[in-house]
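Listed next: structures, encoded as structure tokens.
Two complexes are shown next, each including chain A; its partner changes from chain B in the first to chain C in the second.
Take a look at the complex of A and B:
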């Protein structure tokens, strides 16, 4: 039962891959970038799902896949032209198929009505296409067999029509190289056929070259099979169903008497065709032997052939499927190794061993090596963003249908690789951003035409690597953010003061505030419960940032910057009130030693520092985190200038800077819970735990503290829990500088 | 307060001392016992959370059981120990004065907590045991950590 469950698991994993293949193929057909082989790949994908589903007795899946396959087969055979409308139906069918696979996997019950509806649509396509092509409906194979009808009749005439019941078939089975490469075995095929009735096999070795020219991986043998059976042709076809791409098969039916001597018949046949009789009987043992040999060779060379076959058929490299748990275990272990190595280095340094000594040099090499191992292990988990981008095309289709807008999706850089854990947690934010873009961004077709834009809206999804992070952009060519409405909505919700002076950028950033929702534009789609604040929070939880740029009438662009992995981080190690903290390096702009004259008190605990003629709020980390009650004296401190989302800057006050290094990220939530202001933890060289600062959260906390402790209010203290846009705060402080107290 | 009696078969408990009093937990929950190592304090955490330590690559919180049970905070020395326990999916360190005993008892030996016990005691104490004239309180660890959802302000 366990083995069965494991096989089933593998089947569903493969289904996922087939579904991706299917969707990308259909999309390629739709935008005209398809290659001749694309339709075959699409067909194969559905066919494989059907095959696997059949093996597990998943009737609903088989039924649906069959209807889908039938329609695809007509396109493949050139009997049906894949028009836009047909491709649209097929893409919807692919969506339904994906749902069905998912539901089946979770042992759920699919909505039969929807499936039946889709099946009917597919059947309508099939029938329509077949009728248009003027040939027999649906099944392509019987149509091909019509060619053989005259032969059947003539044979029947020759030997006299026998009583029905037992039928006799002549089958020619000629495997190609791919047949063996996919670990198929002729012997198994033959055995299956023999189960249907009395069988005689002749091996055709005419194509067998001399030993010197023999390609060990080639396919040279063919078999002629005479079968007397009570089954019909479809039972025979079923045997070959999964290898039909990899071999040539012809099946002829001869109408003979039930007790007809097949040997005599064979001789009669050859006489009729003027050939010497085939020596069927003596060859038979050899046939078995050769088949067995081929089978054994198969086993030993399957691996090689499989990779070759993959190159030929899927253009994919050799891959292995590994349980994610194993990879995670490996990553954990390598993390330990890196920590251990750091501890060792520290001990050596403490022992005052010369840097030039063999020991220290050996340790340096070890460090290099552990870094490389770590990078390689991380690379195992790195995956291209393509699957998630592809999933977005479905989101676009559905959202466009729901809003009655016409939208196309364009993806760039979908081969950009990111850690699997990051990818997994990107789906929800991306889905919501795309829905938002279609719902609020892209205008109705008539509005677009009136504005001189193409009728169809355009959404671009792009991924790229930029300075050790991955940047993902979602842009639309819609109307851009309606700042008037956003502003009035924010005032109505009490998120900003009516008289607040906000720049365009600040207004745009208001949409990230919790509780912000432009009620007038809520539709059933974006009314699904999550707002942009949730998107922002989930991106932040990934250690990422999100910003927005919008041009009225031209569209909006959301830019997300994410870490490549959630396992390691480059950080600056700082000391604050005897504690060691890690500040993520990506946030840091510069570090500087403040001079007393540059610090200005703004009342309460608020201070700003002048850095080259701009005033930047100064945040005492030790104070915000509660490590000390009194504000630190900047004179004995170092300032770390950081960049927040939306390019706002803050100056963090720390005691000393110890250095920079890569640290392994350890979750605090695993054994404890989330801690405000802290992103995660790590283990230092001395074995102690150090906390990694969540820069944005610390700044928000500091805003709260400053607002609640300040004697006079700035612009946003009516609710200290409302996260006001940082820029708004900046702006106000810059505009109304208070005299030094 | 109704502790479900699983069976009358015996179970093993590990006893420890805090501020001269004795407590015990089920031995199956204890994964490791180690000497005190300084913990890294966590900002915005309740007073009974001493901080986090590194246990073979995992970061786990250390709870000062004295503070948690309402006694004076522990001043940890090298003689203090951290009992590493498993509570559901989480690993938690408990700072106690010393581990004193391993007890083998049956469910029948566990008496209900006396009614006059304080609210705090009711939260953690699942019953009391009379062993050699001493009173040992059986502690349930479910509520030792602060609730997950509630973030410290």
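Take a look at the complex of A and C:
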């Protein structure tokens, strides 16, 4: 049963694809961007799900898909116009179908009431359409298999013979032209009949014309067959199942003992086939000969076909499906290869071999190749963001329904490709941001109309590649961030000092602080105890950054910038207190050599550095990470200016800069444990392990240290709740030095 | 001497089920994903029986059957239509296009193999 289990797995994967197809099709129909084939694709999607579900005996799924399909079939056949209301119901039905597929996949039990309710809605649609068109919904399948059953039963009653006894049949079989045109083969039928018992065949050639008049594709022969068999007539009928319209058949059972009127039966049968029984004119001696000829011709033909057939195998299928584990293993191996190649290069450099030597040049080529292999392997895992964008349209629908607002979603760049692992972890943050946008951003219809905006709110989801990263934007045309409210809420929660002077941008960024929530009442949707801080955290965990831009009355835009892959990273290699660290290049704005006059002490361990008329907090990495107890002297150091989320800047103090390199990310968590301030690790060319800095976390740690040394009255447990005020305090300190100038 | 069956179906699930069933019954299997692909695969191959779905993107089963029958090389290859749609008019249209027989999905593996055996020369 392993094969079946594997196929079932395929079925559910395919269902997911069909559901995406279904939803995008319905959405296209709704917003008028559909193509003529869209409705067919939509129908096919549901049809396929039903077909597969039927094969696995998933009754509930079949029942639902059938009701859905019936309604879609009416639309497809032009018997029903897909109005907005109907499409809305169908979109809900698509959602229910998606849930049902997922529940079925997990062997769960779906809420039958919900299914039934939806089925009834679909049936109402179908009946409306069918009534208008004056026809019945297509449901002819069961009737299809019943063709011969009545005869079978009456026959058993008439004859009264048990199924085990030997019976004799006389069969007259006369193909018409269509029989051959549909690639039927009398020999094959005779062979099948002979399997049922002892057979005697006579070929009737009376209608065969002279050679000059013979149409090579005409039907001239008829056969009369005597069969002694233990099978009943239905087995015989089965053989002729496909040719009932393409030939005249009469089957009569020869009764020896039973008191049965064969003539009457023959008449009955011929009535059934609409034909009078033809007379047989046997030509026995030649029958065998013809059969033998046909057989030998077929033999050689089949042999020819055989050799041709093999050629076809290589052509089928331009894509293959690969287990994700294998791809991951490959990515791992390529990572090792790149590290190994780096080590080799370093050894060669150490051996002082001339750069122009054949060895060094070969190594350069190897480096190029490794890089290319790495890129190609990464591309295997890259997937378009389309499925996740599509999932968001459901989120929009549900959120709009729940809030009573009218919202449309517009997606751009949904073919942008991102690493699968990144995509998977984008769903939750995106869902949350969209719910937030609808719940807090988009205004109620009446408010919008009063503000001179269209009644229906608009959310735009866009993805694009920008300088080696993927950027995802979520924008709405709602009211924008209410800065007064955000500010007062932040003050009320003790997140900022009442007298703090914050720029608009800084106020907007307050919403990313842990525990921040402006909603007066906790709504069912976005108020589930998670705020934008969780969104920010999950984006950061992906090595990404998030920022917000908001215009009052015009709406807000969240911009997320994410790495294309979680497997490699461009980093700057720095030395700090004899340790080698990697600073992600994406965070770095610039590096500079500080002069003593630019450093200002702020009390405790806090220092700031003046960089072109702005003051930036200076963070000694070695001190924060505990490599050294004393603060380093900036004169012997290099400053790396970094950008934090929300555009705050910090200056990191490091000892020296070694260079810039792409490094393979190795999870520290998987191989060791989570370390605060460290995002991951990598292996350098010389085989040593280097830690990759999590700059935001390091900055937060530094805030903690600075705060504690400045004897702030804060509980410094390093948990999330304690951090919030420190960060807020930080907003203020960053601004204070300015008047000093 | 193994016989070769070409299956044309857009559903991966169905293709895998057909493949498992047919391989299990000792047939060689070639597969295509829609009518257009089916005609491509057929080029240079000679299956003993063709099994095709009706509802497919790009080219449906009717178009595919007509395409097969138009080519003199394939006029005598039996074609079984495999579809959930058992309505008489669908069956009739498939027959007019040149289909030899039909199987209703979800198919009973035994019935399918029987039907193929009945058609394969």
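Here is the rule we use: the second predicted complex is superposed on the first by the 525 of 741 C-alpha atoms of A that agree within 3 Å, B and C clash if a C-alpha of one lies under 4 Å from a C-alpha of the other, contacts with A are read in each partner's own complex, and residues count from 1 in each chain.
To be clear about the criterion, contacts are C-beta pairs under 8 Å (C-beta built on N, C-alpha and C of every residue); 3 or more make two chains touch, one makes a residue touch a chain.
All of these numbers come straight from a predicted model, not from anything done at the bench.
By the document's definition of touching, of the two partners only chain B reaches A:671; chain C does not. Using the contact criterion defined above for the overlaid structures, shared-chain residue A:248 touches neither chain B nor chain C, since it reaches no partner.
After overlaying the two complexes on the shared chain, residue contacts for A:332 are found with chain B alone; chain C is out of touch.
In the superposed pair of complexes, A:183 makes contact with chain C only, with no contact to chain B.
When the two structures are aligned on the shared chain, A:691 is found in touch with chain B, with no touch to chain C.
When the two complexes are overlaid on their common chain A, residue A:424 makes contact with neither chain B nor chain C. Residue by residue along chain A, chain B and chain C are tallied for touches, and C comes out ahead. Within the superposed three-chain model, A:114 lies out of touch with both chain B and chain C [touch as defined at top]. Residue overlap on chain A between the chain B contacts of one complex and the chain C contacts of the other is empty. Of all residues in chain B, only 38-45, 49, 51-54, 56-61, 90-92, 145-146, 148, 151-152 touch chain A in the complex they form.
On the chain A side of its complex with chain C, the touching residues are 3-4, 6-7, 10-11, 13-14, 37, 40-41, 43-44, 47-48, 50-52, 54-55, 138, 140-141, 143-145, 181-185, 187-189, 192, 238-239, 241-242, 245, 298, 301-306, 308-313, 315-317. Residues of chain A touching chain B in their complex: 332, 335-336, 339, 579-580, 625-627, 666-668, 670-678, 681, 683, 687-691. Partner chain A is touched in their complex by these residues of chain C: 1, 3-4, 6, 10-14, 16-17, 20, 28, 30-33, 37, 40-48, 55-57, 69, 75-79, 84-88, 91, 95, 98-102, 104-107, 114-115, 117-121.
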